[in-house]
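A, B, C and D label the chains in the order they appear, each numbered from 1.
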């Protein structure tokens, strides 16, 4: 195929669909009990150097418990999918966990401002970056989910975002129109937080799906963290609501309040005080180290972190904020 | 006597007037969202607000903090996903999108990625997010930003999101669909783009602002047509709705 | 782009995404009352010669009332999207309504056998046909829904199905692998039957979506028929369940039992007796004409058809069959 | 004394034994669905049944009439759509698919489209439906059909769904992913394909059937290896489950 132009930055993962097929051919499909702890899933599915994707939208429906565990396990040299990553990105930068990055939205926390530490890390030159957009990165996952090696979008054309990407400009064989072709992306592992899952991994989330439908299907290994486990009967009672079927899933971790300090739609709002504390303390690297020790490295489990952040009383406040019963 | 207002209130009120009734607008958090909400409550009750992460036509109870937080689909008609929203843009069903950025150049290109060398940047910004997608796929890109020489540059150091690229014909040549920057609303003026050259042009000066001031705060030569409009100041009604209904906590309008 | 091979049959609809964008630019988006009768929608949105797509799966969740109206209005020379079309296809063949066809699954009624009259019509040479598969036809709709001019699949390659299609073989710009490129398909109009819709067109269906997510987004005009109308409040109370947002929709027709004689998941099963009667009577063209007069041409509205088929008593039986309360 | 059985029961029981536990199978209505259900109730309790229109792992209360009817997602773990199912095949997560057809040739290609001239066919059949997709994208295509000379032809008049196309290397050359026909179960025998040439080969003769009979009912020269297996007849247990639990209304097994 004639390539009219192409981005200069590396494609970190092999877009060969037949290699992915070989992997998926061997991936176990039986409906078995997949419950694990966050420690176990990091140990088993997130080794040093693997390429990681995180579900949700930065500080909304994120699998915080597993990300903390990645830091505690001192994981290094990961590849990371920077698809509207905000607090998740801030966390992984705090642990200097990754050294290569597909970037669509990074270092910022949307209306909250920019993370000083994430900026330091990204300005250090220690991280190899390839540029994308939110849609083109979602389209890379969609192509992988479709079992093909590329997808096409009309974004990026003509810009430096394209130049610093790994995309190529091609022509439509029917119309001659130009498109940006983007390579399929099969992350080694993805972690997605949901409202409900059964022990086999059948998962339900409420509200927006962001890019999680595509991420769940593209990832070679998939870890689900769930606000609560439900019976398989409950799943089968309303199959229309299932977003992720069991055969995509490798592990299920039950984590109530698992998206804290992020927002979990219909359950609890984000803890803006705590997120602001991060941004503030990051300005001083020394203080930031102590802060990380207190909230992450020095705690043994996610529940302990929740306690240190204010425990049930704080969580009840966030629940009130979320449900807007008075509105 | 008319109510006083700050520059953020000015920008939001002015931007809100460009959003036609019955059209769709993709918004981010902050000022763009405030402008869209204000427009709904004044001239465009049937304006449809969309969020890139999946929220469609919510009954926004307050300003979202994130374009993916639960406010963005509070009592929405649909809670979809990002591919749904971006393909809706790609199909041609999204009329307006709002962008911001660190730099904007005379063809309306935007930099929100890096200042300095890409591989070892002086400042690293968030990158495109959905901005490049919106600027590529929506019909009319709206930009709201404070007017200063460091922001309005001859040429962006890094073009994150396309305006008219290098000028007339460049979007078409690159393969982008029809579209491009529509209005740039700043604290000083409203800029549009010259039909022929696609270069930035002053369209309307805010109250008390003269064209020299705008040019002085712009790092390239602006086109000044023979007739430049005078921006109508925010009305009392606009200001009251903005303050009481749209942003009572002053999350955005308190920032000026 | 280099094309390695290509199908010989016509592409009936222009795959230019910019022409489609121009159409959608002007399509009204405001949330207005879109309720109409089936007569009105056929009059307004389904003129002679237009290209039509039908939702659901042949005899499952189909918009029977509108199809009957198409026959009664004596529509001719339509283009038709034959994506697992069974009873809907049988109906349109009975009316000889179309003369060009994208075919993936036609003339059959799955386990029920082949429609004698549909076969006669398809063997007459009166219909221009281009061959596809269920997936590649869905992929054509998906490409249109994405606002691009083509999609890629790994189906069809090497077969006569490809040869008799309008697809092209291209090479991936990243891996050199071959794919079948299929042109985007924007039908002029689609009709989809759903469980619930509000007067603006926000629509919810329960159970499998078949290719309706894609069809709804690809069609230039979209008609929804709904088992029941619900309030906009009801839609907003659970936006996760919405499959089709109002701005895609041109008209909403309330048709209880609207999928009859097809199956409507969770509500009523297909009327196998009636479907068998079709197959039987089709063998004799003379008898078939009388049959059509009795059930379609000679009735004034869908409710009258339901009455002639056994009315409420029959519908109650089908409801019993569907819900399987005893299981 | 062992139970008697008809040829449909024989085919279903034999086919069911090829479906390994813990694997996924895409099935159509009728005999394939019966074989998958029987396999679940005998050797492969963790066999996962998928339907192309969107049903995932239902607790089938009875034989579906359509691969899109509500039985196909009765108490399913997911009610998805066709793109979901077909892309699951494309990703390599579907192990088996079942096909039928009007003609099958020596490389396992299938015709379910037309007999006679394509543009004015003598007989028009349904076409591919999802068959070409399954045969292209799943790892192992299973075929169940009655054995006759008119069905087993040297070369299909129209190749709707790919087997090994023109033989060894042809799928790869065409760009198809790894996969292809696996077993053909008829009322006379089970056929597989020669590793090297990809041509059809007798693997196992049903009780009372000799290779001559199979060859006589086949319109091309079958490969007959030195050692041909003898198909084990349906066991009483298989037959009882098939008759009492899988198809009590004899919708499929009554057709023989």
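FYI, a contact is a pair of C-beta atoms (placed from the backbone, for glycine too) under 8 Å apart; a residue touches a chain by one contact, two chains touch by 3 or more.
Just so you know, these numbers come straight off a predicted model, no measurement behind them.
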Residual chain groupings, excluding chain A and keeping positions: one piece
Touching both chain C and chain D (chains): A
Of A-B and B-C, whichever chain pair has more C-beta contact pairs: A-B
Most distant chain from chain A, judged by the mean position of its C-alpha atoms: D
Chain A-chain B separation of Cα centroids, rounded to whole Å: 28
Chain centre separation in whole Å, for chain D relative to chain A (CA means): 40
Averaged-CA centre spacing for the pair chain C and chain A, given as whole angstrom: 37
Chain C, residues touching no fewer than two other chains: 17-18, 147-148, 153-154, 177, 179, 206-207, 239-240
Chain B: positions in contact with at least two other chains: 73, 79-80, 90, 137, 177
Chain-level touch network, classified as line, ring, star, complete or other: other
Pairwise chain contacts under the document criterion: A-B, A-C, A-D, B-C, C-D
Contact footprint of chain A on chain D as seen in their complex: 21-24, 46, 48, 56-57, 59, 73, 75-80, 87-93, 95, 137, 139, 177-178
Touching residues (chain side chain A, partner chain C) in the complex: 1-3, 11, 15-18, 147-150, 152-154, 168, 170-175, 177, 179, 181, 183, 206-207, 239-241
In the complex, chain C residues that touch chain D: 56-60, 82, 84, 86, 103-108, 110-112, 114, 119, 122-123, 125, 131-136, 138-139, 142, 153-161, 164, 169, 177-180, 206-214, 263, 265-266, 269-270, 272, 322, 324, 327
Touch list for chain D against partner chain C, complex: 28-30, 52-55, 61, 63-70, 72-74, 79-83, 86, 90, 109, 113, 118-133, 136-137, 156, 158-162, 165, 170-171, 173-177, 251
List of chain A residues in touch with chain D within their complex: 17-18, 20-25, 27-31, 144-148, 200, 202, 217, 232, 235-237, 239-240, 242, 245-247
